[in-house]
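In structure tokens below, several structures.
After this come two complexes, each holding chain A, first together with chain B and then together with chain C.
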Partner chain A sequence: MNVGQTFLTVGVALGLACASAVAVIVIAKLRRVRVGARAKAMLAPHRGALIVMASGEDEDGQALAALCAVPAPIWARLRSGVVAFLPKVRGVPAEDLGGLMRSHGEIDEARRMLTSRSAVGRARAAYLLGLVRDVDSVALVVTLLSDPAADVRMVAARALGTIGDPSAASGILQALRTSHGHIGLPAWVAAEALLAMGTEVGPALELGLTSSDPAVRNVCAVVAGHGTYFTAAPQLRILLVTDSDADVRASAAVALGRVGGAGDAALLARYAEASETTVLRRTCAAALGELGHRESLETLTGLLGDRDRRLAQLAADSLVRFGSDGIARLQEAAGTTTPGPNARAAGSALELAGLRGQLVSVPGS
Partner chain B sequence: MMIWSGFLDGLRRVVSAIMDVVATPVLIYFLVINTLLLVLMGLAGWEFVHQGRRKSYAGREQTAASQLGQGVSVVVPAYNEEVVIVTSVQALLALRFGRHEVVVVDDGSTDATFEVLRGAFDLVPVQREIPSDVTTLGTIIDVHVPRDGRTRLVLVRKENSGRSDSINVGINAALEPLVVFIDADSILEPDALISVTKPFADDPTRVVAAGGVIRAINGCKVVDGRMVEVKLGKTWLVRIQVVEYLRAFMLGRSGWSRFGALILISGAFGMFRRDVLVEVGGLDPDSIGEDFELVMRIHRHMIRDHRDYRVQFVAEPVSWTEVPVTAKVLRSQRSRWHRGLWETLWKYRGMLLNPRYGKVGLVALPYYWVFELIAPVLEFVGFVLVALGFALGVVNTTYALMFMAVAYGYATLVTLVAMAIEELSFHKYPRWHDLGAILLASVLENLGYRQATAWWRLEGWWASLRGEKPVWGTMTRQGFDDDSPAVAALNGDQAMNASSRDV
Partner chain C sequence: MVTELVKTRIVVADDDQDILDLVVFKLTQAGYDAVPVTDGVAALAAIESGLPRLAILDVMMPGLSGMDVLRKVRANEATKDLDVILLTARARDADVDAGFATGASDYVIKPFSPRELMHRVNAVLARGDR
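The block that comes next holds the complex of A and B.
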């Protein structure tokens, strides 16, 4: 074969490949249009019933009964619509939609799929069991917290949070650990799941605060703060003072701002000093405002002139949170005859407070 | 006559000799570059399948409602954007996301950008200080916030100092841990922030930057800052760019992301961790390829610091922006892009083939040097030689046509594969007419467009080598709420202190 023939052969092959690509595009579009139209026609008679159920207006249960009775081919297309509604509804509509899924064998199938070889299958199953808040599946879903696939671990954690069974708390904390090349759960996913489980996760949290893993301590500190677990305060103080991990110390400071007592003002003030890291100083300045103890007023006023201007802003915002006492301090700083950084930070915070209507109750403002 | 004839004979011999030497290497180069593009598309297709299967359990609702997830500061540099800025800010404030603020940096606009914003959002001046976490050039004039004190909008007015410096001011003003840069004329999908923060939410400790897909808004119908109908632009110049964006930006970058060596995130829509931006010093105001330069600097910084990190690309459609509608604007854009590419590659030449930089140094950078930087040289030289060969009668016409057919046929195949992946995954263009036009554009692209852009890219490179002053262009907006909103006219080449937009 000479060069010309080779080119001709390659050219023909390319032409055929191009034609195939065009055919794929056209067939894909045709198929999508046809499938979409067919699905629309099949679902049209049932759309109303589904909306009635999802909006909680199915008082006589007729819509549920009708949808429970749809044949398998229609259910196969209706299913995705039901799943799409589930995360958006609460209460009776959620229970009804869960019952509908159950009546079509979806829950049993999902439980079976939890051990599927496909990671996508396992994740979908866990997701569905979470959506329908299937308490009976908690033990099965917990096992997925050590799944080799990161996606599956994350979906399992979210599902357990949605189900809200506190018995899964320790499993979620375990899943935060990075081991064998598996990255642990993202902190916020674990924290939101634990918060969704309610106050009964308290014992697991207190244990977690003493964990050897900084990721676990960090999440426990976050949850202790957001969930206002006052009993965690002693351990949070220890973490703020002694922990080797910067994130843990910052989370402990935030949490102490929410659950700490009068004695913690001095502690937080200490870590807002210039010798500490920027992140910790800023966190402590904000936490002092959250804590709201009068003895912090001096510390926060002193921070208004700090070289770290973001810290100064946070200190000023914290003073606003104190109410009249803090605002008086700000007005004093802003009214100084020699405008400097203190005055600027104070003035800015006062302006914003004024716009937000936070100065109304303050005499002289 | 004898002399002319002798000259032509000599020229024929020279051209013939050159063609004998370069024909095969150029053909191989074409084959390799297109094969590599196919590999990248294969990786992108794999990524789309993976993302598509994840979509059903990705937890978008939880991410949107999350109060513990990371918040986002949307930084909008604005220079003479009076036509679009209000609609743009309204749309950005209305994005579906748990916690986000909008920071508009007015870069010394000479039109009514500030006045229209002040009127629309009832802005009042405040004394708010902007920290200097990142060094900036332009002096800040004042800061405004809405009178209600609660709408999360901040307007920072400053003296004109360019787009990059405006973004740096925005970084300083940003209060949230994630920062996204958006051009004022871009339209985001309502869930854009949810999509582009997903990599950060899934892997918050390692993901430091993420880029989102940018598509051409030209021809689309936009109402109140929302995309309501996706349509293809009316001119072939726009249609060809749509094809180009699909192939090179969406699929190419998705492929690099899947491979773990994404080195370019578009300046028109990129999200970064604020602390990392502060660590590396923000954008380089002197760089003409500031988006590429920033990502390269982040790579170098993280690798030198021995940190485990990720730079990812989100293939889901997130941002729609205007593309040039005239050859003049396109020329300016492509010239600027290639100049930025060259200057950044040269600046970071120490990373090239350096094992210390892993896939970035050993795979991505060599690819960009060989197949992005040098491509226009070979393409243009090849085109000139073939034209000369025809004119001088030293090439076999059939042979030459088959050569061209194979080279450009393969390029067309690559584009059609990209189209097929788009149709199987996102299928954003619903009209048959648009689909047909895109298919035709993928063929027409080879007839003049490629050659012209190759030349314009060479112009940019040459300008840099000669040390010419970098030139940005400015776009005159016609507003969003129009059937064909994306008309952009270049107001002549502006000096480099004018803000610009780029993709």
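The block that comes next holds the complex of A and C.
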């Protein structure tokens, strides 16, 4: 075989391989379209009942009864449509859709799947139990917080947040710890789950604020602030003053800005002083604006000329939050005859406030 | 004497077919003339040609976002007074603030209660404050 024939043979072989690949792709696509169309046709008679249920219009329970009665082969296809609706609605429709899932044995199956050998299976099961807000499964889902797979632990935490049973709060806080070679739950996942549980997690938070683990203290401080747990304020003060972890102190300062009282203005001002770390000073300057006590006006005005320009900017933004009194201070600083760094910080804060429409009610602005 | 009842027209825009079907069903049940569209460009066209009383817009849609549609509606003399409810999964305070600052009449966060949405629709229409 000469060189030309070899090239020809290779070319033909390559051409045939490409043609076969294209044919396989086309056949697979056609098959998928046909299967999809068949499934859609099979589900079409039930779509109306599903919409009635999801819209909360099934007052006589006819749609629920009809969907509970569909045979297993149709349910196998309809199931994904029901699951797709669950995260989109809340209230009575969500409860009804959960009841439909239960009637087809999906909840029992999900509970069984929590111990599946497949991590995907365990995660899907926890996700579903969260979607239907199955309070009876909380204890089972909590066990997944120590799952070997990090993704399963995160799905379980989110599911517990969605279910909203505060009895799971301590389990979530425990899952923040790194143990048995497993990296702890990410702080933001834990915080979101705890916030979703509502005000009843208060006692677990207060306990968590005294934990020996800084990750737990930090998340509890963040949640105490965002969830406005006023009862946590005394412990937050202790953390701001004495904690050995810089992140915990900063989170405690942020939280005190939200839940603190008049006395906390002096405390936050103390930690905005030059002898403190940059992060804590900036956090306290922002927290003073959040707290909004008049006695902070002097401190914040003083910070406008600070060497740390970011800190000066945060102090200026905090002054804007005070309304007319704070803005008057900024105007005074911006209008000085010898413009320095404090005038620049005040000027840019006023400019931004103007763009946001925050200067409307201030006389002389 | 024949009395012609003109139904209140509401444009509903969402690229999620489930949400679209659900909201349209709920509005139709309540006696409104619901016009479903699946993207921002079609929503703007339906608003400009149909001159509805209200538009319910998803924020994240292909083509024009709900916020883009809202801006264009407010900038157009013929549609600037249209009531608009934003229906979205974007639940941060900053998102809600941005929605109202752009001129939304109301802001509903997904997952939503269809019943609550209807109360909001009725309230916005009754208010007629735009």
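Everything below uses one rule, namely that the second predicted complex is superposed on the first by the 335 of 365 C-alpha atoms of A that agree within 3 Å, B and C clash if a C-alpha of one lies under 4 Å from a C-alpha of the other, contacts with A are read in each partner's own complex, and residues count from 1 in each chain.
Quick note on the criterion: a contact is a pair of C-beta atoms (placed from the backbone, for glycine too) under 8 Å apart; a residue touches a chain by one contact, two chains touch by 3 or more.
Predicted model only: the values in this text are computed from it and were never measured.
Asks: Contact-wise, after the overlay, does A:Leu236 reach chain B, chain C, both or neither (first, second, both, neither)?
Replies: After superposition on chain A, A:Leu236 lies in contact with neither partner.
Asks: Please work out whether A:Pro93 is in contact with chain B alone, chain C alone, both, or neither, and reply first, second, both or neither.
Replies: In the superposed model, A:Pro93 contacts chain C only, not chain B.
Asks: In the superposed arrangement, does A:Phe85 touch chain B (first), chain C (second), both or neither?
Replies: A:Phe85 sits against chain C, while chain B stays out of touch.
Asks: Contact-wise, after the overlay, does A:Gly56 reach chain B, chain C, both or neither (first, second, both, neither)?
Replies: second
Asks: Quick one: name whichever of chain B and chain C touches more residues of chain A.
Replies: In the superposed model, B touches more residues of chain A.
Asks: Looking at the overlay, what does A:Ala345 touch: chain B (first), chain C (second), both, or neither?
Replies: In the superposition, A:Ala345 contacts chain B only.
Asks: Mind working out whether A:Ala21 is in touch with chain B, chain C, both or neither, as first, second, both or neither?
Replies: After superposition on chain A, A:Ala21 lies in contact with chain B alone.
Asks: Check the residue A:Gly11 against both partner chains and state whether it touches chain B (first), chain C (second), both, or neither.
Replies: first
Asks: Where on chain A do the contacts with chain B and the contacts with chain C coincide?
Replies: Common to the two interfaces on chain A: residues 87-88.
Asks: What residues of chain C sit close enough to touch chain A in their complex?
Replies: 16, 18-19, 21-22, 25-26, 29, 110-116
Asks: Quick check on the complex: what are the chain B residues that touch chain A?
Replies: My answer: residues 53-54, 56-57, 59, 61-62, 66, 68-70, 124, 126-129, 131-133, 145-150, 201-206, 398-399, 402-403, 405-406, 409-410, 412-413, 416-417, 419-420, 423-424, 427, 432, 435, 439.
Asks: If we count contacts the way the header does, which residues on chain A are in touch with chain C in the complex?
Replies: Residues 47, 51-52, 54-57, 81, 84-85, 87-94 of chain A touch chain C in their complex.
Asks: Which chain A residues qualify as touching chain B in the complex?
Replies: So the residues of chain A touching chain B come out as 3-4, 7-8, 10-11, 14-15, 17-18, 21-22, 24-25, 28-29, 32, 80, 83, 87-88, 120, 123-124, 126-127, 150-151, 154-155, 158, 183, 186-189, 191-192, 195, 222, 226, 308-310, 312-313, 341, 344-345, 347-348, 351-357.
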